[in-house]
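Shared chain: subunit A. Partners: subunit B in the first complex, subunit C in the second.
This part shows the complex of A and B:
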C-alpha cells in the first residue's frame, strides 16, 4: 500500500492486488471522518442554536437543532462520505467500479470489455482548477472508432497525477492482453 | 479597402458624434437640474418625470455590476462536465482527413487521439 495525496491535499492510500495474470484490483482509500472535525461542526451548530434560543426564547430551536444534526449526520455518512473506491479489471470479462460509503453501503458499476475502448488520463477544467482524472472511454460495439461515452473514475478521492500514472500503467498491462489474445466470440 | 487610416468622412462623423454627445449631456443636465416651473414657463411641457434622471444611472451601474457576476456564471455553466466526450474530441477532430506521409517533409498538423498521447506520456518506452 502506497501513500499519495488527493487533488485538494488530503492523504489517500492506493492498494494494488494482482489476483491472476489477467485480473487486478486497485483500491483508493480516502481519510476517514475525523472525530475532531465532527466535534467542531457539532459544537458550532449547537452554539448557534443556543444563541438563537437566547434571542427567541423558544425551546423548540434546541430540539430542532439536535434533530437536524442527527438526520444530517446520517445522510452525510450514507450518501456523501466515500471511504474507498476500487477498480477491478478482469481481462476477458470487464471492469467493475465499487464505491464504499462510510455507513457501509456499497455501490458497484460493471462495464463489459466489449464496450471498453481504453482507459486514459484526461485533464479537464473542474471548479476553477484543471485536474487530471482517470476515465474509461466507452465505444459503441458497432462503431469501434468513436467514443460514445466517458466514465470518470475516483471522483471523490481525486488522486493526483503520480497515483493516476500507477493505476494507468496497471490497467494498460491488462488491456494490452486483449489485442494479443485470440478473439473468442 | 478596409484600412483604419483617417479619411475626411470619418473626421466628419467623429465631429458630428462629438457635438451630438455634448448636446445630449447638456440637455440631460438641464432637464435634471432646472426646476419644472421655469421649463413650463418657457412652454416646454412634455418631459419625462425627473425620477428617471436618477433612476437610469442607478439601473445602469447595477446592471454593469451584475454583468460581471453573470459572465462568470455563464462561463462556469458552459464548461463541459467531466463525463462529457467534449473533453476528448469534437466534430472537427472526428472528421479530419489523414494526409499521406511524405519523406523529408514536416508532418501535417492533426489532432492526435488521446490514447496515443497517454501512451507517449505515461508508458515508458523500453
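This part shows the complex of A and C:
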C-alpha cells in the first residue's frame, strides 16, 4: 500500500493486488470522516438550535434539531461519503468499478471487455483547477474508430497524477494482453 | 487465450462424472449446464444430448470430465477420464478435479490437435443457475439477424445467460426420474413447481376467452349509434368517469388477449396492468364496505344539501361585497348593480334546483356508490364529476365574466386603434391606417371612453370568478392526479424489485474468491439488480 495525495491535498492510499496473470485489483482509500469536523458541525447545529429555543421558548426546536442531525448523518454516511473506490480488471472478462460508502453500501458497475476501447488519463477543468482523471473509453458499436462514452474513474477520491500513472500502467499491462491474445489462438 | 469456465455453484458437491454444456468458441469459454454421473452408456448420452439440442436449439455437448474424489486413490481414474475424451471427441477436453472438501480445484485442458501446446490460463467463474436462468439479461427471442451477427453483437455475458435460459428443458428431470442418465443441476433435488401457479396457468386460457367475449360485447354496445347523438356524445366527453371506464376497458383488452407477450417489456406491462387492476378493485371494495356501513350514505346525503346552501350563501355574500365598495375601489354603480343582480338571480335559480333534487339525492348516491366496486379510480372520478356538477354555477359565472371581459377588451383595442386612426386589416392580418369620417370618430371616441371607465368593474368581476374557478379546477386536478397515479404506478415491478430482485437484473458483479498459486483464478458471478 502506498500513500499519495488527492487533488485537494487530502491523504489517500493506493493498494494493488494481483490475483492472477490477467486479473488485478486497484483500490484507492479516501480520507476517513474526521471526528473534528463531525463534532464541529454537530456543536454548531446544536448551538443554533439552542439559540432558537431561547428566542422562541419552544422545546420542539431542540428535539427537531436532534432528529434532523441524526437523519442528516445517516443520509450522509449512506449516500454521500465514499470510503473506498476500487477497480477490478479481469482481462478477457471486463472491468468492474466498486464504490463502497461509509455505511457499508457498495455500488458496482461492470463493463465488458468488448465494449472497452482504452483506458486513458484526461485533463479536466474542475471548479477553479485543472485536474487529471483516469477514464475508460467505450467503443462505439457502429464505428470502430469512434468513442461512444467516457466513464470517469475515482471521482470522489480524485488522485493526483503520480497515483494515476501507477493505475494506468497496471491497466495497460492487462489491456495489452487482449491485443496479443487473438493472434496466438 | 484465456479459457473461461462457467461452473454452476450447485454442482460443487456433485459426484464424479462428465460435464455437459455449451462451448462458445468465439469467446473461448465453456458454459457448464449439468454433470452426468457414472454409470452411463456414451451412446445414450449422445442420443439424449441430440434430443435436447433439437428442442432447445442450443448446441449442448459433452465438454469434459469432473472428478470429485473423497479419498486419495484416483490414479486409474485419470486415464479413464482421458479415454472418455477420445470417446466423445471434444476439442479441447476440460478436466476439473476437486480433492475432498478443498476450495481450490485444479482445472486443465487436453488438446490433441493443438498447434501451440502452451499452458493457457484458466478462469473459473461460479454462477447461480437459478438466478441466471430467471433474470432476463439475454437478448430478445425474435431478432431476425443471422447467427454471425448474433455472435458479434450479443455481448459475451448475454450469450451465457441466453444459453442457460434456453436450456430449461434440461433442468426438468430430477434425480427421482428413472431414466438412463443421472444429471446434477439446480433442480436435480426436486423440480420446483407451485400448485397455485399451475392451476392458474390451466385456468387462465378459458378465463381469457370468456373475458374477451364479454369485452367484445361491451365495446360493441358502446360503439352503437344510439350513444353517439350530439348531446350524449358531448356529455360523455365531458364526464371523466366515462373516460376512466374506457381506459380500464382498454387495459382489460390488453390483458385478456390470446397472444403471449413477445418480450420482457410487454410481459411486465401486462403484469403491471393486472396488479394495478386488482389493487384498484380491492381498494374500491374496501371503500364500498366502509361507505355502506352505518348508513354513511344517508349522512353524506344529509350533509350535501346544507353544504351546497352554505356555498351559495357565501357566494351571495361575495356578490354583495362586490356590489358595495370592494377593497376600497369605487365601482360604477349601475353596471355593478346589473351584474350583481344577474348573478344573484342565477344563484337563486341554482339553489331552487338543488332543493328540487334533494329527495332523490340519497337514492342517487346509493346507486352511484355501487359503482365503486369497479375500482377506486372510478369512485374518485365520480367524486370529481360530482364536484363539477355541484359547482356548475361557479363555472357559469366564470364563463359570463370571461365573455364580458373578452368582449370589452376586444372593443377597447379596436376603438383604441380607431382613436389613433388605424384599422385591423383582416385580409392582410395586420394594422393599416385608415381615414375615418367625423361622425365615426366621434361615436368611436365616446364608446371608447365609456368602455374604458367601465373596465375596472368588469375586470374585478372577472378576476374574482376566475380565482373561484381556479380553486375548483385545482381540487379536480388533484383528484385526477391521484387517479393517474393509481393507473400508472408499476406495482408489479416494485414488488418484484423488493422480493425477487434478480428478475429485474441490470448487470452482473464479479467477486474474487480466495486464490492459491498454481490453481485457476476463482470468481463468483452475481446478478446485480437495478
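Basically, the second predicted complex is superposed on the first by the 181 of 185 C-alpha atoms of A that agree within 3 Å, B and C clash if a C-alpha of one lies under 4 Å from a C-alpha of the other, contacts with A are read in each partner's own complex, and residues count from 1 in each chain.
As a working rule, a contact is a pair of C-beta atoms (placed from the backbone, for glycine too) under 8 Å apart; a residue touches a chain by one contact, two chains touch by 3 or more.
None of these values were measured; they are calculated from a predicted model.
*Asks:* After the subunit A overlay, clash or fit between subunit B and subunit C?
*Replies:* Aligned on subunit A, subunit C fits beside subunit B.
*Asks:* Which holds for A:150: it touches subunit B only (first), subunit C only (second), both, or neither?
*Replies:* first
*Asks:* Looking at A:77, would you say it contacts subunit B, subunit C, both, or neither? Reply first, second, both or neither.
*Replies:* Neither subunit B nor subunit C is touched by A:77.
*Asks:* Once the shared chain is lined up, is A:22 touching subunit B (first), subunit C (second), both, or neither of them?
*Replies:* The second partner, subunit C, only.
*Asks:* Between subunit B (first) and subunit C (second), which, if any, makes contact with A:92: first, second, both or neither?
*Replies:* After superposition on chain A, A:92 lies in contact with subunit C alone.
*Asks:* Between subunit B (first) and subunit C (second), which, if any, makes contact with A:102: first, second, both or neither?
*Replies:* neither
*Asks:* Quick one: is A:45 in contact with subunit B, with subunit C, with both, or with neither? Answer first, second, both or neither.
*Replies:* neither
*Asks:* Tell me the contact category for A:110 with respect to subunit B and subunit C: first, second, both or neither.
*Replies:* second
*Asks:* Quick check for you: in the superposed arrangement, does A:7 touch first (subunit B), second (subunit C), both or neither?
*Replies:* Touch partners of A:7: none, neither subunit B nor subunit C.
*Asks:* Between subunit B and subunit C, what is the shortest CA distance in the superposition, whole Å?
*Replies:* In this superposition, no C-alpha atom of subunit B lies closer than 17 Å to one of subunit C.
*Asks:* With the touch criterion stated at the top, can you tell me which subunit A residues are shared between the subunit B interface and the subunit C interface?
*Replies:* In subunit A, nothing is touched by subunit B and also by subunit C.
*Asks:* Mind listing the subunit C positions that touch subunit A in their complex?
*Replies:* Answer in residue numbers: 1-2, 4, 28, 116, 121, 123, 125, 153, 155-157, 507-510, 512, 515, 520-521, 523, 528.
*Asks:* Write out the stretch or stretches of subunit A touching subunit B in their complex.
*Replies:* 117-118, 120-122, 124-126, 133, 135, 137, 146-152, 155, 165, 168-169, 172
*Asks:* In the complex, go through subunit A and note every residue touching subunit C.
*Replies:* Touching subunit C: residues 19-23, 25, 88, 90-94, 96, 108-110, 112-115, 141, 181-182, 184-185 of subunit A.
*Asks:* With touch defined as at the start, can you tell me which subunit B residues reach subunit A in the complex?
*Replies:* Of all residues in subunit B, those touching subunit A are 79-80, 82-85, 87-89, 94, 114-115, 118-119, 122-123.
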